[in-house]
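The following pair of complexes shares a single chain, chain A, combined with chain B in the former and chain C in the latter.
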Partner chain A sequence: MAQTKNQPDLHTPGGFNARIDNGMGAMLGRLTRDRSVVRMLVLLVAAFAFFTLLRPSIFLNPLNLENIAVSAPEIGILAIAMMLAMLTGGIDLSVVAIANFTAITITTLYAGLAAGNPGQANSLLPLILLLGLALAAVAGWFNGFLIGVVGITPILATLATMQILNGIAVVWTGGQTLYGAPEALSVIAKTTIVGVPVLFLFFLLIAVVVAVLVNVTPLGLKLQLQGANPVAARYSGIGSRRVLTSTYVTSGLLGGLAGIVFIARNPTASADYGSSYVLLVIVIAVLGGTNPAGGFATVAGVVLATLTLQVVSSGFNALRLSAYEYSIAQGVILIAVMIADQMRFRSRRRKRDLQPPVPAAPETQGKS
Partner chain B sequence: MTSSNPPTGQPGVPVLEVRNISKSYGGAKALEGVSLALQAGHVHCLAGENGCGKSTLIKIISGAERPDGGEIFIDGKPHPFMTPSQAIKEGIQVIYQDFSLFPNLTVAENIVLTSVVAKRSKVFSAGKNRPAAEHIVKELGLTLDLDKDVERLSVADKQLTAICRALVSEARVIIMDEPTTALTHSEVARLFGIVRKLQDRGVALVFVSHKLEEALQVSQDLTILRNGIHVVSGPTTGFDRRSLIKHMTGRAVNETRLITSPQLEERPVLSVRSLSVSGAFHDVAFDLHRGEILGITGLLGSGRSEIAESLFGVLPADSGTVEVEGKTVRIRSIDDAIRAGIGYVPEDRLTQGLFLEKSIADNIIAGSVDKHRRGPILLDSGKVSSSIRRLFDQLRIKAPNVLAPVRSLSGGNAQRVVLAKWLANQPKVLMLNGPTVGVDVGSKEEILAVLREQAGNGMGVLVISDDVPELVTVCNRVLIVRQGAVVDVLEGDAVNGTAIEELMAA
Partner chain C sequence: MSDTRTLSRAGGLARFKGANNEGVLALVLVVLIIGMTIISPSFFSVGTFFAILRSSIVPLVFALAVLIVIISGGIDVSFAAIAIFAAYTAVKLTGSGNFDPGLIAIVLFACLIGALLGLVNGAVIARFRLSTLIVTLGTQGIFRGLLVAYIGSRYIADLPGSMSAVSTSNLISLEGGGANAYLHVLVVPVVLLCVLVALMLRKTMFGRGIYALGGDMEAARRAGFSVVRIQIALYVLAGVLAALAGVFHVILGRNANPQDLVGTELDIIAAVVLGGASIFGGRGSVLGTVLGVLLVQLINNSLILVGVPTAWQRTAVGVLLVIGVGIQAISAKRESKRVLVNDEVKE
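Moving on to the complex of A and B:
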């Protein structure tokens, strides 16, 4: 028995080598091992089943399902942006403000052009969208500069950016709701491909791109390491300025994309749209397994958490409960999931570590 | 150097005894049926290779881990469910290998915290307990700044703080898990002085160290573990260095000087001239050639670490020039140093070297992410996994697989991961600060062999160390640093233990 601990296959080809060589197998292994993803999946199915049982006719109505699929993308994209910032150990409070700012910019430009010459406005639409995204990227870069170069704490830096952008937006619009967002976007938003709204597919596409970014690019790996231990990252030559700037530019860009989804879904823009989103998006990111201390997150978890909360939201609608009750439910779900985490952690210790241990911080091992 | 042992308790009944302790982590057995008995007034040395279960046994005794099976007795009374606070109340104090200090509290607060727990006080007043902290610092003859936050201390000072914390309360059992890794000879001597005083008071002590001389010198009883299994116990007088190594590793280890004299190219790979950092060192000049292993040694505070930190851009130089392969490089930041081809295995591996919650795989690749690209945006996953596999094998890191978090590794294995990270980067010059601190004798031989091999492949290797036998075994030349200046260079047969020790302390 002397060798039990010194597993013999470690140092010979075969054993673990097979495990890391076999990419697909490793991916699957990781997914099944990834508790936060599994947990969210269970929660999503449970929520769906619950509301189906209570109000089958309303809840299973195709209109209701489509509603979920159309309203999830904007929140989901924002949550993914938030997840990225949290992965580096930071946070991006300005991401909703960036989305709104982009939406307002695009609407103003388009409506202005369309008043004179509708045809020209439509042909210039791609350019206008790009300009909106460019502004979003600049706002993100500004965050990155404050955090990575100047060295301001992320929560304060992005709070400042949020206030600035919100202020500009109110002054610019005079606090009014703007009409006249590009119709072409609304048309695209209403199309479906084999019954699935295009907006939802767009959301999934973004999720996949970010998952690739996080897991199989040098930048993604650096981002995770920067969040896991900034000091060791510095000693490993991971240039934190570049990493942080890229991260916040990316989260800014995602904010911009969310802004485009805003006006596609609802052809108006106003400075106070989505004012309750910031906290909701943080809740979703954490539910999805993002470690607020940095270093661990999964895109799949965040996508599932988004859907779960959307299901709960529309379920509450079906039950004729109010937004306040929905907000209570968010808090309760968050606490319940965190308690489940703790209990599992303790019971595993009691079960004498039958499973490999997890870091003391929230169990957000692995990647999506 | 065994001291007399006038135990105070009733003779025969051990102060603390564990029987048949077993523990496994996720199917891998860390301990299997290990027993240990501590006598009042004795120092019990616990020895064995990296990952053999020493720290695990200690954590079980202190209640930090729960055993799968076995019993714990204090004064002959069974304690089936030991918890950390209970252990402290029973007078068990531990100096953990990773120190387990509170980084955001001051030195004084850290020192008195557990003794307050022991006294079952409800309110914590660091001020009221401060004299106790001052007293122990004075008794150890230290110059610790009691008001500094622990996170801003050097490794050595963190270790001293952990030692003070264990010594400050009236403990009956004091367990020291590698307490001397970062200490100087004089600090070790003072610690041993206190150990003897504690013995006279009837305290039972456990001592773990990979510095075998220390272990043999300070202990009266000895227990050796191998792969989680008890190998042998007995009075220390029955062992010497050779037999200890034999029991630990199951083989004989070669510790003699073994260097090759490489054909030196004319152009050095690293050339340093009149390098100065005010307050740390001045006018340092040396050449390092490809294939050469150069030692830099000196007492703690002599400036030996600062020289390396300066070359790595942590502590940019005030003046002087650095050339890499004949080209002058300006090193103002770590990125500059890495771009110039200089790598550094830092002394404080827990905070500077490792991503503890991340996997071994991520840690190994952390320093060379950009060298594993495929195209402009993607990682070359095939190359990544083959690099990881090669280094995991080459350094014989003991873990169930490469996805295990580094936090689950034993101290010596964690050190190998840091080394692997830099080998993956293949720098032109690799500087290592204490490359084998906390590494067992057998593994030490292996790690030094890896350094020889890397040098043989054309790397320039710089070893910063105060481990004299290690320097003698592996270095072609040794620079002696004293009070911030290079005072001597030893070469060839002049590189021997007595010469180095005399020059260091002179």
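Moving on to the complex of A and C:
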């Protein structure tokens, strides 16, 4: 980022060297940036190959592959929401609750209308979906308000929101599963384009939009700075209130979209659907290279991590291992990745400490 | 610094307020009790009081474990998994009720398992300096998975004789007049544990080390505390406390169900934070925690009495958390502003 500001004179020999230096620096920077993505790609291929070798007939079955593609989106969207919160140094424990709340709202409204007049319910469907998303955004805004304005720690604020929404959802549904979600959504979810389920394409679309938001827009840059160093961000004139509020509104909206995917995939809604997702989503975000302390994350890494965990999950199914064994695997993966990251960070720091400070900064060379 | 200033200005009030707003919490409790008594006079009875105490037994022991971790600047979400792992395994090893090694042996065995699982948490956290929330989320999944996948997924209905004997013994039984009141005997070890943990936190070097760790880890290290050792020890202790809570839960419920307890973590954390413990570490007291747990239990109990469906409990705890932590956050903001002004004047 800094290199572009500091364009050296290309016609002098020193300037040429500096340009090469800058180019190398940028490339090295991109390599470390992409390292988590490359690692995820390797892990994904390895996991895929492992289960293919063990159970080729079950695992490579087109139905199984389609299953992976259809079940990944809801978890992936939630993981991207979690990633955004972690990018600012926070965490969003309420995403799953927001998703369920949205799913319940949409199902109740639609079922209520469809009981009287099915045609009208279908024509109002877009409006109902928007209303559900609006509620999700309001819940996200509430998180942002608690964190940015009141100053509550993200863990506690989103924990409280989760409890409140979950409680309302339990009361609303009476603890039962609701039926009668919009059929149009299920129809859309079942269609495929060139063999790829629409839901999966929807997931990729959301990933691209969030990637653009994080990497290209000013808000994305502010988000990263806020996570990397909140004090420096404040002194750079970044209004943490607005940044945090927009972050949590976005993660709330993503939660709402995940809720729509819930009912599209499975036309029922209940208050405790996906109660194990909170752990899973954090595992995915961290595995995808998100720094839980803030400041660093890649959407591509999170997408690949989602796919990897879905491959592991369906591989476990193919091997007839239980959900509990999958939860052990999740825990082990989470801790192993964190330890590996920490070791690499430490060894790099040690190397740097041992070396004499030889490498001159490109900026000074450019000036000379 | 600001503490002494407020003390000199309004000594009595500040002392009542307490270091972690214990006084305010006690006041809220009293107001709530008076309010409930006005709404439904049947509320104010020894029976209700004993019932609330009984329902606080397990949460309170959990809360002590969480308190220690939170004071040290961490957060633990694996304690419920440790509790049911330890208690269920201990019961299972007694041959599902056929062989009875005695209550003390069962409790000790459960504590040993709790300590081992706590050691896993502590070792990973202290050795690699990882985020405590994420490590314990991971170990929660591992412990629970190991328990259900390899140790047992079946619900055990008949406990060993020594355990079921405790289930039915009461410390105080008041009968007659149509309203019976029983105070369960397990209240005794819980009170004992509270006193022990409070003494440990206040009077021992280890306890002060936990506060120091939560205040500033680097400062604690430079002050000569062995950070790694303290951190490992405190997670082992939290594991033991969690195992005890698990055993109490099994005794009170008269069955051992591997699906129990997990999922209640956040309620406990909410109660501890309401009790004045700072999520950033370095602040918190046993008294505040006891009051926080009692407040949550009282509210749950009152909701039932007023006729609010129990499903609202989750929401009520959430709202309570927002109010409690929100007030703390706003007053902390004000405090930091005041300190800033002071510094400028001095220089």
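Definition applied: the second predicted complex is superposed on the first by the 307 of 368 C-alpha atoms of A that agree within 3 Å, B and C clash if a C-alpha of one lies under 4 Å from a C-alpha of the other, contacts with A are read in each partner's own complex, and residues count from 1 in each chain.
In this section, a residue touches a chain if its C-beta (ideal position, glycine included) is under 8 Å from a C-beta of that chain, and two chains touch if they have at least 3 such contacts.
This is a predicted model, so every value here is computed, not measured.
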{"item": "First (chain B), second (chain C), both or neither touched by A:V138", "value": "neither"}
{"item": "Contacts of A:A184 with chain B and chain C, given as first, second, both or neither", "value": "neither"}
{"item": "Partner chain(s) touched by A:K222 [first = chain B, second = chain C, both, neither]", "value": "first"}
{"item": "Partner chain in contact with A:A232 - chain B first, chain C second, else both or neither", "value": "first"}
{"item": "Which of chain B and chain C A:F296 touches, first, second, both or neither", "value": "first"}
{"item": "Which of chain B and chain C A:V38 touches, first, second, both or neither", "value": "neither"}
{"item": "Chain B and chain C footprints on chain A, overlapping residues", "value": "none"}
{"item": "Of all residues in chain C, those that touch chain A in their complex", "value": "75, 124, 128-131, 133-135, 137-142, 144-146, 148-149, 153, 263, 266, 269-270, 273, 279-280, 309, 311-319, 321-322, 325-326, 329-330, 332-333"}
{"item": "Complex interface listing, chain A residues touching chain C", "value": "91, 146, 150-153, 155-157, 159-164, 166-168, 170-171, 174-175, 275, 279, 282-283, 286, 292-293, 322, 324-332, 334-335, 338-339, 342-343"}
{"item": "Sites on chain B touched by chain A in the complex", "value": "24-30, 32, 51, 66, 68, 226-229, 314, 334-335, 338, 344, 346, 351-358, 361-362, 365-367, 369-370, 372-373, 377-379, 381, 385, 388-389, 392-393, 396, 398-405, 407-408, 421, 425"}
{"item": "Residue numbers on chain A that touch chain B, as the complex places them", "value": "1-7, 10-11, 16-17, 19-21, 23, 216-219, 221-222, 224-225, 228-229, 231-239, 295-296, 349-350, 352-359, 361, 365"}
